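Next come two complexes built around chain A: one with chain B, the other with chain C.
Our next item is the complex of A and B:
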C-alpha cells in the first residue's frame, strides 16, 4: 500500500482522467433529459423501449461513467493500487465505451438493425471487460485488504457478471443464440446491475469515505466484513436457483431490501455521529440518497404484498435518486479537493482553494435542483405534464455538473499556465 | 496493539480539536477558533515529532525499510505542515471563506493520511517491533515535548 501512496502526486492519476469520465457522465445525463421530452411518462412502463433506453442512459451512460471516475481515483487511495498508464487506460475505455453505449441505445430504438446490437456488444464488451478485469485482478492480488477494497472487488466482480449477462442478452437479440434463457438472464442482469454493482460499490466506498470526509466512528466490523460478500453470494445463489425456481427472486429481493435498508439506516446514524458539526450540501446529498434507498426498498417490499401499480415506478425513481444523490455528494468533494491537491502538490502558490473551485453555495443550489427533479418525477406519476418539468430539470442538473467540471478544468489550466510556482526541488 | 491504540487515540484528539476550530470559524468566533487551532497545531506537530523521531526510526531500524511507508508519511506530514501555516494566515486575516476552505482540504488530507497509518503502518509496527522495543519506543514518545 505504501509504496503506492495514492494521494501522492506521482501516483495519483492525472486530473484529466477523472474529469473526462465525470464530463461524459453528465453529457449522458443531459441526453437523458432531452429524450425525456419525447418519451415522456412512457419511461414508467418497464416493458417499453423508452424505459429500456432511459434506464440504460442513466445506469450505463451516467452511473458507470461517474463510477469509473471514482474508481480511477479511489483505487489508489482506498486500495493502494497504482493503475499503470492511467491516461492510456482511460482512453482505451472511454471512446469505445461512449460509442458502444450510443450504439446500444440506438439498437434499442431500431431493433430491426441487429448489427447495432452486435457492434455495441463488441465495443462495450471489449472496453469494459478490458478495464474491469485488470482492475479486479489488481484488487484480488492485494496482500493487505481493507473492508472497502474487499467490497470494491465484490462490486467489480458483479460488474463482470452484468457485462457477461448483457452480452448473452445482446447475442439473443442479434439472433446469434436462441435466447431460451433470456428471461432468467435478464432478471440476473438487472439485479446484479442495481444491487451487485451500483449499491455494492456505493456501500464499499462509503465504508471509507463516510469516516474520512465526515469524521464519524467506523462501521461495525460485522457490517463492513460481511455485508458486501453477503449481497454478492445472495445474488449468485439467486441467479443459479432462478434457472430452476424463477420465483426465487421474490425472496432475494425481500432479503436485499432488508439488508440495504439496514445499511442506509446505519449510515444515516453514522452521519448524526460525525465529529464535524458543519452540515454542507454533501451531507444533505448523502441523507437524500440514503432516505431514497430506504423508500425504494420499502416500495419493493410492499410491492410483494399488494397490486398497487404506482409502487414500481416509485421504486425506480427512489433508486435513481439514491444512486445519483450519492454520486453528486462524492463529486462535490472529489472535484474541488483534487483540483486543489494537484495544484498545491505541484507547488503553485496561487492554487485556488476548494471553495474557489466549487463554492459550497453552488453545491447547495444543485441540491435544490436535484431535489426538485426527483419531486417532479414523482409528481408526473399523478399528473403527467410534470414530466416536461422533470426533463428540463434533468438537463439543468447535469448541465450544472458539466459547468462545474469545465470551470474546474479551466481554473486548473489557468493556474498551471500563469501561477507562480514554488520550486519543490529547493526543499531537498 | 499498544502502538496502534496510543497513536490512534492521538489522531482522535487532534480530530476533536480540529472540528472545534472549524465550528468556531463557521460561527465567526475568531478568538475561540484561534485557541482551538493553536491546540490542534501543537497536538499535531507533537504527534508528527513522536512519529518522525521515535516510531519511524525504530521501525526503519527493525525492518530496514527506510524508503518505504515512513518516507511517504514524512512527505505527507510536510504537506500538512504547509497547510497549517496557510490556515494560520487565513485565520489571522479573519477570512472565513478561505479558513473553511483550507479546513476542508486539511480534513481530507489528514483523514486519508491517518487511515493509511492506522490500517497499515501502526499495525506493521505492532507486528514487527519486539515487545521490549515497542514498550521503550512508546515510553520515549510519551515523554516527548514539542
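Our next item is the complex of A and C:
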C-alpha cells in the first residue's frame, strides 16, 4: 500500500490474510459488547475479573488482531521485508492465537481450572513469539531503516516483552512459579502493552501515513528519530528499576504522559497543515483518537496528585478511544485501497472503485457510532444503566466493521469470478 | 508525442494512483503520461512495467518525482524528460 521506500505490493501477502485478521478482531469486539451486558460497570474496577476479561478482549483480541493485519500488510511495503509463505505463516498464528485468547478469557473467569492458563500460555506463547521473533529479526537485519521501520522494531520488541511477562504471570497463576515478582511484572506487562506496543506502533506508523495520506509536512526529525526509542528505553529502565524502587512507575507514567501528549498535539497540528483541507471520516477518526490520547494522559497526570476515583476509569476509556479510533481510521484507508488495487493489479477492468467498496458516508456513519459508544461509556460512570447502551453500541460498531469486511470480500470474489479483464499491455 | 500531464503533488493517497491508472488504460502509441509526484510511486511503476509500458522515473533537486509512462517502445523518455524539466 505504501510506496515510499521503493517497494511494491508484489511483496505483500494475499488480501485474504489481511481480511482474516480484521475479521477476527471484529468478532472479538462483538464478543466484548455481548459480555458487557453481563459484566456491566464492574469493568471499571481494575481488580475485577470483568475488567481483566474486558481489557484482554480489547487489547489481545481486538487490537492485536487488527495490528497483525496492519503488520502483515506493512512490513513488506514499509520495511521491505519479504514474508515467506504469508498464508501459512498467518494460519500458524491466527488459529492458535484465537484459541489461546479464548482459553485465557475462560481462565480468568474460571480460575480454579488452572489448566486453562497453562493451555493459553502454550497457545499464545508459541503462536505470538513464533510470529513476532522472525518479524523482529528481519526488521533488525534491515540495511536501510526508515523512522517507521525503526519504530516498528521498537514496538515489536515491546510486544515480545509483553508476551514474556504474560507467560510469567500465567505461570504464577497456574502455580508453576511462586509468583514473588507478580506485582512488578504485572505493572511492566501492562505498561509495555499499552505504551510500548499499542502507542509505539501507532506512533511509528503515523510517521509514514500522516504525511502520505493527508499531505502534511513531515514530522520533525528529532521526534521521529528519538520518540520511539525514548519510550522503549523509558519502559525498559522503569521495569528494571521497579524491582528495587516500585514507585519508579509514578515518574515513568508522568514522563510517558508528557511525551505522548506532545506527540498527539504535534500530530493534531500536522492535520491542520494539510495542503488539501478536505476532511473525510478518517481524519476525524485520527482527531478523535489523538484528542482521546491527550485526555487519557491528562487523567493519568492528575491521578498522580489527586484521589479522584473517576479519573482512573476515564483514563481507560480515553486510551481505548485513542487506540480504536486510529485503528478504524487505518481500516477505512486500507480495506478499500487494497481491494481496489489487488483487483487492478490482476487486470480487472470492472474492478469496483474505492468508494464502491466502502463509501465515505459509511465510514462517517461508523464515526458517529464510535463517538456515541465512547460518550455512553463515559455517561455510564455517572449513570450506570448507560452501560447497556454502550454494550449495544459496541456490538453495532464492530458489527459495522465486520459487515464492511464481508462486503469487500464478496466484491473481490465476485469481480474475480465474473469481472472483465483489460489488456493494456498488448506488447507483453 | 502528445503529453498528458498529471500533477498529483497535493493529492492525498491513493488518489494519485487511481487517476494515473485510469489514464494508463487510455494511453496509445502517440501519447505519454507525465506525472509530477511528491513520492516515487513504486506500485504504479510496477504495474505499468508488468503491463508492458515503458517507464522513467527521476527525482529533481526539489524532491519532486517526474514519472513518464508510454506505450510506445521506440520513444526515448529521457529526451522527452530533458525537454520538459531540468532534473
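What we mean here is this: the second predicted complex is superposed on the first by the 414 of 428 C-alpha atoms of A that agree within 3 Å, B and C clash if a C-alpha of one lies under 4 Å from a C-alpha of the other, contacts with A are read in each partner's own complex, and residues count from 1 in each chain.
The definition used in the following text is that contacts are C-beta pairs under 8 Å (C-beta built on N, C-alpha and C of every residue); 3 or more make two chains touch, one makes a residue touch a chain.
The structure presented is a predicted model; accordingly, all values stated were derived computationally and were not measured.
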| item | value |
| --- | --- |
| Touching partner for A:143 - first (chain B), second (chain C), both, neither | neither |
| Chain B versus chain C as contact partner of A:180, first or second or both or neither | neither |
| Chain B versus chain C as contact partner of A:47, first or second or both or neither | neither |
| Which of chain B and chain C A:275 touches, first, second, both or neither | both |
| First (chain B), second (chain C), both or neither touched by A:355 | first |
| Which of chain B and chain C A:213 touches, first, second, both or neither | both |
| Footprint overlap on chain A, where chain B in one structure and chain C in the other make contact | 1-3, 7-8, 212-213, 215, 275-276, 278, 333, 337, 340-341, 344-345, 353-354, 427 |
| Residue ranges of chain B touching chain A (in the complex, touch as defined) | 15-16, 19, 22-23, 26, 68-69, 72-73, 75-76, 78-79, 82, 97-98, 100-102, 104-105, 107-109, 111-112, 115-116, 119-121 |
| Residues of chain A touching chain C in the complex | 1-4, 6-10, 212-215, 275-276, 278, 333, 337, 340-341, 344-345, 347, 349, 353-354, 422, 424-428 |
| Touch list for chain A against partner chain B, complex | 1-3, 5, 7-8, 77, 144, 146, 208, 211-213, 215, 275-278, 333, 336-337, 340-341, 344-345, 353-356, 427 |
| Residues of chain C defined as touching chain A within the complex | 10-14, 17-18, 21, 24-25, 27, 38-44, 46-47, 50-53, 71, 73 |
